[in-house]
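The two complexes that follow have chain A in common; it is paired with chain B in the first and with chain C in the second.
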Partner chain A sequence: MISKLAKHPINMIVIINTLAFLLLFFYRTPPNYQILFVGVSITILSVITYLAISFFNLGDRYLFIIASMLISIGVVMLCRLDYSMGIAQVGWYLISVCVFYAAYILYRYINIWRFLKWFYFGLSVFLYILTQVIGITINGAKNWIMIGSLSFQPSEIIKILFILFIAARLTGNNKKLFNLPENYTTALFSFVFMFFLILQREWGLTLLYFLTYFTLTYIYDDDKIFLLANALVTAAVGAIGSLTMHHIAIRIKTWRNPWEDISNTGYQITQSLFAIASGGFFGRGIGMGNPDFIPQANSDFIFSAICEEMGIFGGAAVILLYFIFVYRGIKIALLLPEGFDKCVALGISIMFAFQTFIIIGGVIKLIPLTGITMPFVSSGGSSLVTSFISLGILQAVSAGRRQANDQ
Partner chain B sequence: MTNKRIIRTLVVLSFLFIMLIVYLTYFVVFQREAVMQSPYNKRLWAYEEDIERGTIKDRSGAVLAYSQEGKRIYEYGPLYCHVIGYNSKIYGKTMIESKFNNLLLGRGSVAEVFGIGGSGKSGYDLTLTIDHNLQSTAKSKLGSRHGSVVAINPKTGEVLALVNNPDFDPNDSVLAKKWTELTESKDSPLLPRATGGLYPPGSTFKIITAAAAIENGLDKEEYLDTGTVSIGGAAFDNYGKKANGRIDFKKAFALSSNYAFCTLGAKLTSPVLRQTAQRFGFDKTFDFDIDFTRSRFQAKDTDEAGSAALAIGQGETLATPFQMALTACAIANNGIIMKPYIVQRAEDKNGSIVYEKRPQQLYTAVSNDVAAKIKDLMVETVENGTGKNAKISTIKVAGKTGTAENELKGKEKNKDHAWFVCFAPAENPQIAVAVMLEYSGGSGGELCAPIARDIIRQYVKKRSGA
Partner chain C sequence: MADIYNVYNILAAIFKYIFITIIYLFIFGIMRMIYLDIKKTNMPRPRGIPRGMAYLQLLTDKNNLYFEVESAYPLDKEVIVIGRGANCDIVIDDYYISTRHVQLWSEDDEWYIADMGSTNGTYINGIKMDDEPLILDSGDRIKIGQVEFMAVLR
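Let's turn to the complex of A and B:
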């Protein structure tokens, strides 16, 4: 019975959702019926989308399943922290699934994306400047725009524009600009993206953009000296930055010894470590821990909350889900012929991989902590919608182009 | 070409993901305990509110500390403040309450490491090696004088009594009321003198000097003790400048002749004395059931005069009463110091034992022969020497007195620290005792020896069923 159920991975989502939400429902007295509503809607959304993907043969069947498993874990954690956050997240999930279909259709049936590199760059710069002009400050960084009552983080959307831009530059024919070799102009424009992020003090995103750019350059550029130069320049800038910029120096110092200034700079990371330590191998059980002691447990630190209540076995499961996701994304890229689509698939997979590594590595103190969201799991619309646009594109790429590659 | 690089990238990314899992496992296996115990961990208090903290009992089952409705109650008030310590939400935990926190909360078994099983809502009960009657006697004998008493079973390392004056009441309500007073008082009642106070050991150090002398064949000499000896330009007096006349090594020890021992010290030199002292535990530390301060022998080597001072326990050498009790233990137990401990065992509410300490050797201080010779010297001290006040008609006591000059010398009169370390019965030692009275103004023989005598009498009589 169990083995039969496990044969179709979507059944596992149904089983896990049923168990987790029932647990959440019965744990609190009086029972909150909204929890059941949340559980049922998220399960239905996942199942329908999965069935659509397999019935209409919309490409890779596993990517979406992995994403919806991560969504489920995230929503369970959010509901446990605060019902209203969980419900909001389900709302965003609904929107994200629509966006996913839209991204899928737009990317698959309109074949203009590889020509639009200046549009990507221009739109990004416009969004950056807009953020600087009308943006508001949340958690010390001016990187949010309010549209009505909705807050929205342009730097999330720009992640996709960045990948599309780089992919177009690396795989298309480029006119010579400023009399520089092609790869140098690509580097120049990529660093413009990162420059704006530094202005917003988004160190985590800056690192993420750089790693994505660097890896793609490694794959597509035969000029080894250029790659080395990139690495050296960045290392030099990083070293100067860590010596001269208080913000970076403090993060490195906190990473090396958070206990020294525990009530101040070390507060976040030590609270995260307390949570993971108290969870141990198997966790304290959903609803049994104190993830509410962790600052930002709903967004950047949600991994620590998962570890506290589900244990590092749960945490390792989440890491492995991301790993399978990245593996499948890269496998899709490997099977594609050279071209824009291949590079986009790679870019998306690599960016997911590094984003996961940076935030999880940060909250477990493997690397210095830089706040970025955990894709599919952290609460927040911008992050979720962006992740699903990426997923939609990846899904479309995996389904292949209707008009055979016309390179 | 591209695909080859993509596969390399995949390998690097896999490595990153594996590193996350490996580090997470490493963290939980190796750092978890330390992180959990951080006093900044708000969860600790959250858990503790649900758990009834274990009871602490003495060796025969008398309840010393217990919890009732979330409050920690110390049955005997100040008596165990420097052994059990306190458990306070505001001021934290100290001593046994801190070091054995996990067991008291019912954590720390193997099952707990994996988060399975678990102990429910009550912690484990601790049984100490302390003898409550002996502890009370020691306290009443100290009276209002400032000082310490340490009593240890030299054959096992069980700590039988550990008392300090001044002390304080560790009950939470009293702590809250008196905290400022306690922290600011110049009597330092929060300082556990026996384990954390450093004092010049004075003539009790001659036990160690004697060991070095015997090992180096210097125990056959005779001295014409004139009461004062000049070594390297410095003059050293006997206690009260008393001249002992013609004496041999044994008499020199029994009468605590500085004349003889300063001469010996100059011959032995400071490196030899240091090396001997370190075998007794100076400059060393080990894992004990409560935190203690390392006793230290003077760090730098010195000339003849300096070595002479070191030989009689002056100079920059500092020892805790705990260390001097261990020094007596070494002689009592044929040269071997057993590892001291206070917590005998922990058991759950059903009576099954989850933690138990067994005697183990800590240091080999001297050989069996040397220990036997020093034992004779110490017996002579109590029979016919400075330690006569410790004599008991039915029990053969071995001891050494000490009267230590300190930083007040020359500023105020009669402010010497008085010492007495001993063990009994000499032929089959059951208890070793160190008594120290700080700034007492008297000699160890007259002030400390009677306290030690009463403690020994009570303990040995009880043991022999009298």
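Let's turn to the complex of A and C:
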């Protein structure tokens, strides 16, 4: 009986939460009772949502469970780094789960999403301009809006609008604009999205948007010359950027040799590498490492902190979790009939895959480091809420929609 | 060095192995579920059974059985009786199957199953069923005697 119960993945989430939060409860003396509330609430949220999905047949049963495992790992790490951050993250998790249901219901039962492409574009441009006007600067990038005491990053929400926009353009009927072929107009508007990101100095997100756009175009467009033109234009923009922008040049320089200027520009990446190396195979144990040395260990560099305390095996497990998640998303897309929903499911899966690749590749010095968040794991409300909106849409797509498919 | 005796350090050192084991078991569990899912949905429709007709798919390996059994049985009547007796709709000459073992019938677009007082019982998804009839779902496993079937209803 016990072995049968322990076999089900949702029970493993309960076990790992119980163990990890009990351990963290004793981490600092005197024991902090809030940590137990954190553990209990995160477990309850995950279990209830999972049960709701499986009992009411709300589509795919694996996506949410993988995401909640990633959330658990993330919150354990954040609580270990800083209690208040972990508690804030659980608050965001609660909001995100509500948003997840809302996105699910809105996307599944209201069937207008493939007609709204100009709304997506307009709203995105509006949000970009709003950020430029009333935004505040954090870490050298002007991309935050303050609403009361809550800070909020519009470029995260725009990710979803961008996918919906591209999907609507690629699968819908488009009117001819400016006397250009359809795919060139799509490219033009997509580059407008990226142009605003470059203005905000969000190079990581620009790369992410471009890779998503490029992959979707590769899937939906047979025009090889057009694809080549896209790649060339982007390569040119990248080359100009790295030659003229000082901080991109530094990023590339520290990527090639971080040891040259270890105390200054190479500090982040070398600390990250030290942390990963000191973890070894099984890590030093939760609470036993020194992830405080890593700058921004809570957001961009959380993967290094995980590797230090849970080891290479822990880090590989996190990558594997993303891998199954993306696999599942693409599997859902493959089973769908041709159309808008299929393109959205593909876009969301591709974006998760590239986002994970860019940030993990960055912190292990595989590619130049660009600061974007790790979906579901990093601290930060905008990132978590956006990931859960995407998850809600994917969940709704996987549940199917009979009327929508026969247009 | 006094830190070594700190209880927390010892616990953390033990738990790190437990954590990693559980996380990998979790990944393994999910992959297994996905694999079973794919296997279930990808099983090809056997020859000779028309589209849209429900059927029973044999899951047991035929080579290990000493008696004749088909790899699939169409559910082409309103009421179907499975048993060892010659007057059953599906005859399986297994020593562990009763003369009239189990009955399946369709009613209002649902398939029902009821054990007909068999000696060795009928197992649905690994659980022995009692006298109450049950509604079958597509993908349910039905075990009678030494053979196991999967109900494919769509």
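Here is the rule we use: the second predicted complex is superposed on the first by the 400 of 407 C-alpha atoms of A that agree within 3 Å, B and C clash if a C-alpha of one lies under 4 Å from a C-alpha of the other, contacts with A are read in each partner's own complex, and residues count from 1 in each chain.
Everything that follows uses one rule, which is that contacts are C-beta pairs under 8 Å (C-beta built on N, C-alpha and C of every residue); 3 or more make two chains touch, one makes a residue touch a chain.
These figures come from a predicted structure and were not determined experimentally.
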Clash or fit: chain B against chain C, after overlaying the two structures on chain A? fit
Given the superposition on chain A, which partner contacts more residues in chain A: chain B or chain C? B
Which of chain B and chain C A:219 touches, first, second, both or neither: first
Identify the partner contact of A:37: answer first if only chain B is touched, second if only chain C is, both if each is, neither if none is. neither
Have a look at where A:353 lands relative to chain B and chain C in the superposition and call it first, second, both or neither. first
Taking the superposition on A as described, I'd like to know which of chain B and chain C A:270 touches: first, second, both or neither. first
Is A:287 contacted by the first partner chain B, the second partner chain C, both or neither? second
Looking at the overlay, what does A:109 touch: chain B (first), chain C (second), both, or neither? neither
After the superposition on A, what does A:195 contact: first (chain B), second (chain C), both or neither? neither
Identify the partner contact of A:311: answer first if only chain B is touched, second if only chain C is, both if each is, neither if none is. both
Rounded to a whole Å, what is the shortest Cα gap between chain B and chain C in the overlaid structures? 5
Touching both chain B and chain C, residues of chain A: 282-284, 311, 320
For chain C, which residues are in contact with chain A within the complex? 7-9, 11-13, 15-20, 22-27, 29-31, 33-34
Interface with chain B, chain A side, in the complex: residues 215, 218-220, 222, 259, 262-263, 270, 273-284, 290, 293, 307, 311-312, 315-316, 319-320, 322-323, 326-327, 330, 333-334, 338, 342, 346, 350, 353, 356-357, 360-361, 364-366
Which residues, counting only chain B, touch chain A once they are in their complex? 1-3, 5-7, 9-10, 13-14, 16-17, 19-21, 23-25, 27-28, 31-32, 35-36, 38, 40-43, 46, 113-116
Contacts from chain A onto chain C in the complex sit at residues 7-9, 12-13, 15-16, 19-20, 23, 26-27, 61-62, 65-66, 69, 73, 282-288, 309-311, 313-314, 317, 320-321, 324, 328
